[in-house]
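Both complexes shown next keep chain A, but they swap its partner, so chain B is in the first and chain C is in the second.
Moving on, here comes the complex of A and B:
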């Protein structure tokens, strides 16, 4: 069933469109920056954007910061909201269940396909923006920053290219988990309704609500448990030495969301009457 | 018994969709489940398949409890529930391959052949690569039946299987289902098309507002009505001869009270009346259904219907209830 699910996802035009759009935004930004050389001053604008002009290799980090707040969550909401509700609307859900595909197996396959989607999305953005960044801005000045392709970390010290690749790899994994938490929430919503649109909007409502509460002092008690709170913790991975603290907390909370949301989806779906 | 339910009941909130149904389908029959729209046919079928969970009552399919033993039962059941459905962006072949792969078992090596076999059976053997989205209603229906036939089921549960097919397609499906049935597959189909059930089924169940009001072999339903249909070129002299027994007359056709057509014929011929057509009237399935069922749930009257009881018992020789 997992194989079937992945084949189904990879043959959907919508999924490819999402990936293409995700890669298009950073590419557009790179082109504009390269053409105008007008970067936001350090400390304002998107994270890392001020640094990319001097070294294209940092552009993946800037690109991830660009798509993270809105673009990526929207596509995750679309794909995960579709999971069960989309099959229900198409009527294929009942035929899968009488094939028979066990309900837990179906849910697991759906979660895995969402996980593959987010991982590929983050990975694609990273790879495409690395290529674009290097093409647009080059490998950076060699000598002035202490050797071949050295990259300034946020703390000022210089990182080697290998270092950056490792840190970017960890970032990809971390962001994929953050998005998977959102995807699991989408999967849960998708079992509540037969309308994929309703499930997608539900996920976006969660993102917006969480983002609205984050800066609020009165919400500081629940703030560590909001899903969006930890989305930017990966920026600490580009400090030297790495500040693991917030990343660790993020891993726990986001992992918790995956487990709880998947459990809720299973609890609801296991005994649900399929009348679509 | 292939299917045996006891006191099967399903409530959706305050609405009772299925109410105390004791359905028994023996092996090897062609069973037709009839009833007006909203009488609970589809909900019953969904409960048999474990899609909807019963509020109370029990279901056994192949002698195993559903939905608890669904993993054992369902691989031997082919189903078409409320119209066919497919992934619109894929071709019919790709749909069937994925559906086949989704279920457990079934060797990978035979998949291509299994899919080609069922496509051939439903008359889609030469179908091209266009996506299901572009299929006509009839093609989708055929694809749905093909999906039900994958893995050679022992029981076919088909909801409105001829929906969207043209007369030739209906004829093809009927002979396909008869063929499969003769090879040992039990066929259960639900329909509101009486002619469909009358032409195909050997046993009939009738549902009305959630209850199973009749479960009987088809032949037992079609009893004589105690009237004889007579066609004669001399209607006036027939009227004179059979004074008092003629119930109605339209042109050359008369309806005469009586059970024995041979006796009537002898009398008419002896009286010099020419007879061009004569036969005992039999109840049609339509009459039986109309007698047993109320208005469908899609009809909404302002006033309550007249107080006579449309679901009241009528004597049916050979019927089980």
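Moving on, here comes the complex of A and C:
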């Protein structure tokens, strides 16, 4: 079942289109920065963008910060919103459930499919932007001293190549979990409606509402529980020493969203009348 | 829930399970508030512990200011400390060996203090600045909002004011004991200073300051999110200069040179009934401190351009015009800080800032000479 879902996901053109578009935006930004050398002033623009021209190895972090607020959530909303509602619209959900397949097992396979999608999306953006960043801006000052070195942390201390790989790996995992939380919400919405578009828009409504409440002082009581509050916590992985506090909180909240949204999807889908 | 056969609405057991799980997850956070708070201890003892100093620590704190000040040209980073939320990571091994990082979503600005020399690392500017020397007066900075540091300064300024015990609370996982300082000077805007500290180590964990306009609402508060009583290691307290970053040096005395260019007269010996506080040998041209405790204010010379921009900005922020013998002046009042700017006079721009009632600064600006020596 899981293998079937993964093969289906990998065969979809829109999935590949989403991945290509996610990689295209940072690539375009890198080309423009390399051509003009006009970086945003310190403190403005995307995170890390002002520093990338001095060291291309920082570009994956800048690329992730670029796609995180809008592009990545949109693609996750599309893929997850389609999970169940897409089958219903295509008229295949009824036939799928006729087979000796439990609904929980089907939902689990769908969630794993979304998880693989988000993991590959974040990983692709990271790898492609690393290659593009190094090609456009080089390995950094150490290149002239006999080889590519590390990158400067936000605190000034230089991170060794091993540090960079480990921290980037944790970043990829963390962002994949953040997006999986959104994917689980999308999966739940997908069980509520037969329209993939409605489910997708529902996920985007959650993102917009959460982003609107995050900077509001009056909403401080609920801010720790909003999904977008913790999306930028991965930046703390590039400080020295690493600031784990916000990452830990983010893991708990985003993990909680996955559990609750998947539970709600299961509670709704298990007893739902499937007519299409 | 509607039953599969279209029966009467009912909640399925699955939904009950999901709701219970969600409630358990949501309740896990606030449940921390049920843990024990610090015991009520004699306020004088707690104040003495704050004044005696604190042990080495490493902590993450968040400071929030709600002072509603207008933006002052070239001082935006300072006003931001008093009007927004600042995240601070502190490493303090001792009074002369510490590091405080101001964390922003996309970078950080770290101040290191080692053996009398300060280093400032700015990720955005990709630059390490070495600052030698010091001045008797300086602008507020993030390191001042660290709870132990803010507590030390404020409690130090109010040594003779009455204190009382307030209920304990839980801060950063520690049951903290609290005390309140109520400033007695009728001219100060500060209604109360509340400090909560770890009763075992004496480390201040939370500080609240409220103004007299609404004593129930703290307008400046800083609190540890997490704290550890372990001394930071030497590597953490050593500034690093990454390859390709800039390195510059600055002398704190440069500030005196910049002020000297303004050709400001010496500050008057007395303003608004308050004596000029001696600043020692390293005076700053034109700068004066008046009053004592939390009922003091500062006089700072400003170029005409800056003074005029402050006056224009203050008008937008609801400032009130003040009648002065020469030039023009405006006053902005926040619940805690009062600012009066005088401009419209060549080489006569002045800023008066303090935690005093608006009437005090209005009187002070009227007493200021137009220019030249008083």
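The rule we apply is simple: the second predicted complex is superposed on the first by the 269 of 276 C-alpha atoms of A that agree within 3 Å, B and C clash if a C-alpha of one lies under 4 Å from a C-alpha of the other, contacts with A are read in each partner's own complex, and residues count from 1 in each chain.
The rule we apply is simple: a contact is a pair of C-beta atoms (placed from the backbone, for glycine too) under 8 Å apart; a residue touches a chain by one contact, two chains touch by 3 or more.
Note that this is a predicted model, so its numbers are computed, not measured.
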item	value
Which of chain B and chain C A:1 touches, first, second, both or neither	first
Which of chain B and chain C A:65 touches, first, second, both or neither	second
Touched partner set for A:50, first chain B, second chain C, both or neither	second
Which superposed partner A:232 touches (first chain B, second chain C, both, neither)	second
Which superposed partner A:271 touches (first chain B, second chain C, both, neither)	both
Partner chain in contact with A:243 - chain B first, chain C second, else both or neither	second
Per-residue touch tally on chain A - higher for chain B or for chain C	C
Touching partner for A:224 - first (chain B), second (chain C), both, neither	second
Chain B versus chain C as contact partner of A:259, first or second or both or neither	second
First (chain B), second (chain C), both or neither touched by A:32	neither
Contacts on chain A seen with chain B and repeated with chain C across the two complexes	271, 273
Contact footprint of chain A on chain B as seen in their complex	12, 46, 49-53, 70-71, 74-75, 77, 79, 81-90, 94, 98-99, 101-103, 147
Contact footprint of chain A on chain C as seen in their complex	1, 3-4, 12, 14-15, 17-18, 21-22, 25-26, 29, 60, 89, 101, 103-108, 110, 121-126, 128, 225-226, 236, 239-245
Of chain A, residues touching chain B in the complex	1, 3-4, 7-8, 11-13, 90-92, 94-102, 271, 273-275
Chain C-touching residues of chain A, taken from the complex the two chains share	41-43, 46-48, 50-51, 54-55, 65, 140-142, 145, 149, 152-158, 224-225, 232, 235-236, 239-241, 243, 245, 256, 259-260, 263-264, 266-267, 270-271, 273
